[in-house]
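In the two complexes that follow, subunit A is the common piece, with subunit B as its partner first and subunit C second.
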Partner chain A sequence: MEIFIIFISASIVNNFVLTYFLGICPFLGVSNKIDSSFSLGLATTFVMVITAVASWLINHYILILFNVPFLEYVSFIIVIASMVQLVEMFVKKTSPVLYRALGIFLPLITTNCAILGLALFAVLRDYSFIQTIVFGIGAGVGFTLAIVVMAGIREELEMADIPYPLKGAGITLIVAGFLALAFMGFAGLISA
Partner chain B sequence: MTDLFKEFKKGLWKDNAVFVMLLGMCPVLAVTNSATNGLAMGLATSFVLLSSAIFVSTLRHIIPHQVRIASYIVIIATFVTIADYFLAAMLPPISKALGPYVPLIVVNCLILGRAEAFSSKHGIATSISDALGMGTGFTGALIILGGIREILGNGSLFEVKLLGDWFEPWIVMLLPGGAFITLGLLIGFINYFTKKPVALGVSLGEDIGYREKGQFVTANEAYGQHQEKSSPVVTEKTE
Partner chain C sequence: MEQNLYLLGLSSMGGLGLFFASLLVFADKKLRVEVDPKILLIEEVLPAANCGACGQPGCPAFAEAVVNGIADVHECTVGGEEVAHQIASIMGVEAKAVQKKVAKVFCRGGNKETDRKAIYYGVTSCSLAAKVGGGEKSCKYSCLGYADCVDSCKFNAMWMNANGLPVVDEDACTSCNKCVEACPRNLIELHSPDIKLHVYCKNRDPGKIAKKTCKVACIGCTLCVKPDPENIKMVDNLAVIEYSDAYLGLEECAKKCPTNAIAYQLDPIH
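What follows is the complex of A and B.
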């Protein structure tokens, strides 16, 4: 039950993108087409789960064991960078089309705040190993949900007559604002 | 001297990290519920930006090209750790208000972007003035955004009450939705006056990029060139 709550909390109620503002760059940058945003969501989810596992192991078996908490950020970011490299090589080999579609945004997952944010939140909240994995899956699903919804709206917006100063970034941010307000409707679902 | 000043000035307005280049959006949106938090975040980011610019430009001939990104990130993470421990020790209330967004400076695209695009190619003095300019521009943007949200959402500025009891605070400005909408409208407002040289009507994915020799290079173009130059990707094996 507790695990279920963590999942719902991470994916919907405290959505990483719309409540914590994590992963805004790809959320604004890759949300043009539903297909590519869905693939990016999957790639991010995959990296998130692997990172969650790796960061839990590092935190418990290296940082706490040797009492070197000040190495937390450095070691986490190195793990994330190498994981992203791994996923990039994997995607390049298995699906060159997807690799080209994702373009610069695949290596940029490294600097996706959502990934490092996930590792930091998991440490901060003192999750157990299982809880950390569920938290990672939930956060990934939430990210995918937000970016796909956004892409759906933006595909419709393409035809709309938007005042020119707001075209591009402006209208995207305003739409994201309304999405965030809509997601607040879930706020009472889970207490704490 | 005039060159240094030019590098400093461009970060303030023409290439402003937040309003023009849309870099480092997470802290911009997350911690600007008050002007004080915006200022603290801006100063912390500027410190990391400046120190990493000094290190990266000093070591630019020593760091091997292939592992440069990883090296930059380690340098940045080191200074973020220093900033985080400093805030926690000296200014506990601010450290608490900023929470996990201080460690998240590590993945602020602005810092890595400047290290890769500028400091790794320029001398120390030029890099310092560039970092100072970018940092000031970033801090200014955070204060503007935080100020607007604090005035409308709380009726105060830097925790000093500005508006009287007649003012009904707009709570929505302090919520996540208000952050997105305020920044969206601000960017629209600035575009209205400056008409930036990006082809209007293109999708946002092509807006993200940087200026090089007066030309706007989109991120995807830059990445494509980099890929062609550095490694001819072998995806299909020739028989």
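What follows is the complex of A and C.
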């Protein structure tokens, strides 16, 4: 039951993008096509889960064991950077089209604050190993959900008659605001 | 204790770094993609417009197609002769001369010239208006005037004039073919700027109806055919020019036209 609550909390109630405002740059940058946004969501989810697992292991078997908790950020960043590099190699090999569609946003997952945020939250909340994995999956699903919903709306907006000054970034940010507002409906359902 | 901490920090970070580095080295060996250096060189000289005029999905795909022998070096119409020569020198082949072409809009029935049959309140897009009743104008061959071609132009070479017709800046036009594809009525064609004479109408209705719907329609009077019967033919009440390599157009043909549907050396910016 607790695991289920963690999953729902991470993916919907405390959605990383729409309630914590983490990982906004790919959320706005790669949300113009459903296909590529879904792929970016999958890539980010993969990195999130791996990071969650690795950060738990590092935290418990290196940082706490050797009593060097001040190396937390550095070690998590190392994990994230190498995982992103791995994903980039994999995408480049398996789907050059997707590699081109994601462009700069693929390596930018490295500095996606949602991922470092996830690792730090997991440590801060003292999750167990299983809880950490579920937290990672939930956060990834939440990120994918947010970015795909955004892309769906933006695809519809392509055909809409938008006032000239609002075209492009203006309407995108307004829509993001509305989405955040909609997700506020879940606020307080589950705390933290 | 203090020294111990240094050692622990160094060794744990070093160990982590080493572990992930070896993981990446291993992954690199498994997942490496070999790229022909020529592809990168060609990509650099291409205009990076990713317009698809060459028939390939974007410039990187075109570079790859050239290296693999699928596409020819001169197929990038946007880059023109200069880029063709650069690609040819990278590939070590001789480039053929590229004939410059520009987009020509074959309708002059703007808001002033054409009759209205309805008022259209839908989405301002030609492709959609063409599907719902064919827009506002009574001529069913005319320019719809909702600027799909202008929207498709990535080079700022097109805009709508005050009369509601698209205008092409022939110097800025790169003959990328986007506007040709965007027009639901197939009014735009690519032609060499050297050709002076064009029929600026696609109306195939009988003369009586055509005259009623638009002041500058081709009414099928066949007067223009007489000075140049080899190159101009009448097809379904419409004068059609059969373009060939040597064709440049005769001024007499335009002078005969009672409606100015066929024009000689029409000023491109009007």
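We take it that the second predicted complex is superposed on the first by the 189 of 192 C-alpha atoms of A that agree within 3 Å, B and C clash if a C-alpha of one lies under 4 Å from a C-alpha of the other, contacts with A are read in each partner's own complex, and residues count from 1 in each chain.
By our rule, contacts are C-beta pairs under 8 Å (C-beta built on N, C-alpha and C of every residue); 3 or more make two chains touch, one makes a residue touch a chain.
Quick caveat: nothing in here was measured; it's all calculated off a predicted structure.
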{"item": "Subunit B versus subunit C as contact partner of A:74, first or second or both or neither", "value": "both"}
{"item": "Superposed model, subunit A: greater residue contact from subunit B or subunit C", "value": "B"}
{"item": "Partner chain(s) touched by A:60 [first = subunit B, second = subunit C, both, neither]", "value": "neither"}
{"item": "First (subunit B), second (subunit C), both or neither touched by A:90", "value": "second"}
{"item": "Which superposed partner A:161 touches (first subunit B, second subunit C, both, neither)", "value": "second"}
{"item": "On subunit A, the residue positions that both subunit B and subunit C contact, one per complex", "value": "70, 74, 78, 92, 96"}
{"item": "Of subunit A, residues touching subunit B in the complex", "value": "18-25, 28-32, 70, 72-74, 77-78, 81, 92, 96, 99, 103-104, 108, 110-113, 115-117, 120-121, 124, 154, 158, 163-174, 176-178, 180-181, 184"}
{"item": "Touching residues on subunit C, where the partner in the complex is subunit A", "value": "5, 8-9, 12-13, 15-17, 20-21, 23-24, 27-28, 31-33, 58, 60, 123-125"}
{"item": "Contact footprint of subunit A on subunit B as seen in their complex", "value": "22, 25-26, 29-30, 69-70, 73-74, 77-78, 80-81, 84-85, 100, 103-104, 106-109, 112, 172, 175-181, 183-185, 187-192, 198, 200-205, 207-208, 219-220, 222-224, 233, 235-236"}
{"item": "Subunit A residues touching subunit C - in the complex, by the definition given at the top", "value": "58, 62-63, 66-68, 70-71, 74-75, 78-79, 82, 85-86, 89-90, 92-93, 96, 100, 159, 161"}
